[in-house]
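One chain, chain A, links the two complexes that follow: it is found with chain B in the first and with chain C in the second.
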Partner chain A sequence: MVNLEEIKKEAKKILEEGKVKYIIGYAKSSNALMAAPTFVKKPEDIDKLIWDPTCFQNLVKFLIDEKRKKAREKEPDTRPIGIFVKGCDSRAINVLLQEKFITREDVYIMGLSCEDVGVLDKKKIFKKLKGEKPEKIEFDQRKNIVISTKEKTIKIPLKEILAERCLECTSSFPVISDVFWGDRNNRSPKEPFKCLEQIESLSQEEKWDFWQQQLSKCIRCYACRSVCPMCYCDECVVDSINLAITADTTAEEKAQKIKWIEKSPESSENFGYHLVRAMHLAGRCIDCSECERVCPVDIPIRFLNKKLEKVTKELFDYKAGLDPEQPSLVSSFKDEDPEDFIR
Partner chain B sequence: MKKRTGVFVCHCGINIAGTVDVKNVAEELMKHSNVAHSEDYVYMCSDPGQKLIENSIKEHSLDSVVIACCSPNLHETTFRNCAKAAGINEFQCEIANIREQCSWVHKDKLKATEKAKKITHSTVERVVKNKSLEPISIPVTRRGLVIGGGIAGIQAALDMANSGYEVVLVEKSPSIGGHMIQLSETFPTLDCSQCILTPKMVEVSKHPKIKLLTYSEVQEITGYVGNFKAKILKKPTYVDPTKCTLCDECIDVCPIVVPNEFDLGLTGRKAIYIPFPQAIPATFTLDIANCPGLLPIACGKCMDVCEPEAINYDMKPEIIEEEIGSIVLATGYDLYDKENMKEYGYGKYADVLDGLQFERLLSASGPTMGEVLRPSDHKVPKEVVFIQCVGSRDPELHCAYCSKICCMYTAKHAMLYKHHVPDGQAYIFYIDIRSGGKDYEEFVQRAKEEDGLVYLRGKVSKIFEENGKITVWGADTLAGKDIEINADMVVLATAMRPAKGAEEFAKKLKISLDKDGFLSEAHPKLKPVESVTSGLFFAGAAQAPKDIPEAVAQASGAASKAIIILSQDQLFHSPMVAKVSLNLCTGCGMCVDVCPYDSLSLKDNKAEVNEVLCEGCGTCSATCLRAAIEVKNITPVQIYEMIDASVGG
Partner chain C sequence: MAEEFEPKIIAFLCKWCSSAGSDLAGVSRMKYPPNVVPITVMCSGSVSPLYIFNAFQKGADGVLVSGCHPGDCHYIQGNFYARRRIALVKELIEYIGLEPQRFKMSWVSAAEGKKYTQIIQEFVQELKPLGPQKKLRREK
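== the complex of A and B ==
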């Protein structure tokens, strides 16, 4: 069992010792169903910290901001950042380490096991509440959630309102950490790719229609990209916004920029954006599902990533972020890799 | 900036013009805003064709050209030189392949013409954005490396050394000589193998330009053409060759007997041994794997008796580093593993031998001093069955290819057997007789007619031992009947395989292998001794099964290719290499992992290209998630424009 008091004790200790620059964790927010990411810099603030199934954000994204900030500073504080990670989040750290975006010394990983639970899916709860606003929530025995609204109090089994990814999760505890709380029990869901069943059963035409309909909704707000810990490029290849142009960028380099897709949210351009993004996440996506969570128009983005996760698992027996030393999927090959697609 | 591009469309006789309306292609391309001139001609690669290009460049002040013709593999160099001669940068010349990729694969003239236009158009789009580049010059280490000391390696090393270049010859066993030194007599002239090979071996040992490293293995090769670095492991022999007097005292006292590799297990040898009397270098080797032990010294008898004190148990493995300009790989062959040939009783019955074992039996220096005797009871075999294609030409179970030399050596074996045992009978089971080669067919005919060999066309189904005889069941497909022979001895012409460990070695050197594990040459016809890695050449049976004359010829070919590199003052490397956009690079290192030429590395968290190693393959560019690396003159923008021209209007 993860004991919040122990976490706080450790947090206090490392802040007092000056071992970390600050700690990225979770705190209560104005929304009862959702924790807020919080940055704890002083030992006296540790009581803000919480740990429960409302802590669904992947905080790893903040490490990217930290790296950018540090790069701008003349004399940066090089102490590591303390960060709360769940099982899935820890694998994001591994991918960043694997891609040498951060170094192991940059982070002090505070690993938290989801154990047999997981995190909430807000959308599922809203459905259950039928429009009523939750005022207060409590967790009963880690089996049920008790939600109080103005009108009533209802008890829902956690299983019914957990995020899809938690139901399909195979490793609910961090695979890399400096300190760790909770159990290291491997889960073995019978169908880790169950969410794909329905969409895979569709014919090619039906799939096309499905995605046509879904992706035409996209308004290209890029929330999915902004929240993704793997989308750390200074400049996205599908959308040159000239962020990466620096003082020493030559006119020639500027002229060589290709506009692969138009900025306008047309359906064809949206396809371009989402498919390129999906391909760029193959073997890198760790299924934190943040992209789908933040999508304001409810595009089931996770299907794309999950499908690629399944394909890479089946073809190459590869799972992203298990080990920072493992070679990345697209830059490595084994003699026994399938090649029957070469004709 | 607008360019003045010239387009030259070749007819290639009717090779292109038969399927593509070349005039129409030239006219259509003239409409392109960057094309200042276009024309067609019957053979652009001919001297008048080249003159035409040169003159047009000058006359129309062209700054770039596209030649629509055959594959760039063939005439790219011709036309680039032509462009250079006319005074423009050679990298402003590009080839549009409208032959292999168009006229040869289509029949419909209208559609083929449209396609040829698109191919040419897309190449124009490319050349419009081409930069003028200068070849990268690199220095040359004037020193060769030959790996493998069989006949091919010996020949290559001698040719290179006799041309005046220093050569390092590395052989993994204690002596050079390879398989050829094990042979008795050689077809079709029947001259003694040792007698013709040993002079070459002696020449190697005495040659001032050859540094011979036996009992050594190449562990690593880094660098690039003209500038390789080889790491060679020299295993300890525990005998100082400068002190050893070859007195044989150590052999007498050594208590360990193991099968002798030189006689393929037909005799034994001691743990301290000399492979054969004419071994080069002429010295003993203490085979540590079979010695009772040196740490602590378990026996020590050899050292005790060695008067010149040549034996030194403290010898350590040595890593020798050599700087090399070009490399010849001659790692040779092994016979197909007998484990795979259980159906013929090989390895189970003492009197079922393979071809090399029979060579030793025939050899004057062999275990029986040239007398043909059965290994089991030392009796003279009166009936001997020779079986060809054992493991060869059997795609279902064994090797699909023909091992090439077996027809000839089996004829030789049977003939020599008859010379030794005139009243004996030799039967040969064969599928076909393949005797292509100078004097080869005559040799086989002589064997049949003069020596009375019985050739039976068919396969052997079973071999088993019965009453001290080896019963061979087979079929004579010409007579259409089953055959049973109660033989005294069976000799199998087993398939040739790449030498053991060659696959692993090739992987280390990143040399591609063909489906059978032989070294894969750069072009089956026009680059038969070159590997795809420049500066690395092949000789001998490591590339494909070959006989001695072929191995020698290929070795000389490989040596001359290696010398071409060593004789240059400097080498030139294509400037079409990868280039990193530092502001986009995040230093993830994926390009470093995928580069097949090890030309990329990370420096200060950014990718860095070693231009000399880069072959411009573009794998890095395709892998980079951030489009931060591209190949000069085939950049993503150029590819984009080319795709646009190919699929668009």
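== the complex of A and C ==
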């Protein structure tokens, strides 16, 4: 069991010692179903910190912002950042370490095990509540959730409202950490890629219809890209920010800038964006499902990334984020990689 | 009279083997369908998935990526990287419901002009019944 008091004690200790610059954790927000990311800079603020299944954000994204901020400062504070990580978030840190985007000294990893639970899926709860607004939630022995709305109080087993990824999670504890709370129980779901079966069993035309319908909804708000801890490129292939077109931009400069994918939210361009994003996340996506959570038009983006996760597992026996020392998927190869599709 | 559908194939050929292979087919006066637009790249490993998706967006009916045989790469390992990446692209293309026959990869060495013509012939034969590729095509 993760004891919140112990976490607070450790957080207070490292803040008082000045071991970390600040701690990124979770705090209560105005929305009962969702914890808010919080930055604790002073030891007296540690009582804000919480830990329960509403803490579903992946805080690793903030490390990327921190690195950018540090690069701009004249005399940066080089102390590490304390960060709360769940199992999935810890794999994201591993990928960032593997790609040498951050160094191990940059972070003080406070690992929290989800144990046999996981985090909530807000959409599932809203379905259960049928439009009522939750006022207060409580957890009953990590088995049930008790939600109180204005009119009634309902009790739902946690299993029914956990995020899909938590039901298919294979390691619910952080694989890398400086301090750790909870149990290291390996979960072994019988079918870790069950969610894909639904799409894989479709015929080719049905698959196309499904994706066509889903991806043509995309409004290209790039929320998925903004929230993704792996999407840290300074310039994204889909929108070039480094070429500002001004009155002085010559025709040659404009012509030399290749535009692979147009910005307009049309079906073909949306496919281009989502396929390229899926490819860029192959062997890197750690299945935190943040992209799907933030999508305003409910595109099942996770199915794209999960598919490539499955393919990389089957073809190359590669799993993202387990070891910061392993070579990345597309910058390594094995002699025995499959080539039966090649003529 | 309705004209028979002629597919348009974009072929990314590596400079050192496949391009020379297609050249050999040409100078040896071997006959093969004129449906292919060859694009020479420095290595099959330099073919970004973006090139492939973009070829489809610009209206290609089929895309071929061809490189040196494993072990023959001019850059020692380029085609091994390509093999991994292209395997992923192939799976992804199939997953979103584009006909998997529309995308091919092959190893063609500089001496295999004959094999190159065969690959193109087969590819054209496979693409003809599928008709034009409209799924990923940009509407202009």
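Everything below uses one rule, namely that the second predicted complex is superposed on the first by the 329 of 343 C-alpha atoms of A that agree within 3 Å, B and C clash if a C-alpha of one lies under 4 Å from a C-alpha of the other, contacts with A are read in each partner's own complex, and residues count from 1 in each chain.
Operating definition for what follows: a contact is a pair of C-beta atoms (placed from the backbone, for glycine too) under 8 Å apart; a residue touches a chain by one contact, two chains touch by 3 or more.
Fair warning: this is a prediction, and the values are worked out from it, not measured in the lab.
By the touch criterion defined above, A:P327 lies against chain B but remains apart from chain C after alignment on the C-alpha atoms of chain A. Once the two complexes are laid over each other on the shared chain, residue contacts for A:E339 go to chain C alone; chain B is not touched. Of the two partner chains placed by superposition, only chain C is touched by A:F210; chain B is not.
In the superposed pair of complexes, A:K100 makes contact with chain B only, with no contact to chain C.
With both structures placed on the common chain, the touch criterion links A:F62 to neither chain B nor chain C. When both complexes are overlaid on chain A, the residue A:E235 reaches chain B alone and has no touch with chain C.
Once the two complexes are laid over each other on the shared chain, residue contacts for A:D248 go to chain B alone; chain C is not touched.
Comparing chain B with chain C, more residues of chain A are touched by C. Chain A residues 237, 330-331 lie at the interface with chain B in one structure and with chain C in the other. The part of chain C that touches chain A in the complex is made up of residues 49-50, 53-54, 57, 70, 77, 80-81, 83-92, 94-100, 104-107, 119, 135-139. Of all residues in chain A, only 199-200, 202, 204-212, 237, 260-262, 266, 268-269, 271-272, 275-276, 278-279, 282, 304, 307-308, 311-312, 315-316, 329-331, 333, 335, 337-339, 341-343 touch chain C in the complex they form.
By the touch criterion given at the top, residues 99-101, 232-235, 237, 244-246, 248-249, 253, 256, 258, 280, 327-328, 330-332 of chain A touch chain B in their complex.
On chain B, the positions that touch chain A within their shared complex are 581, 583-584, 586-591, 593-594, 602, 605, 623, 625-627, 635-637, 640.
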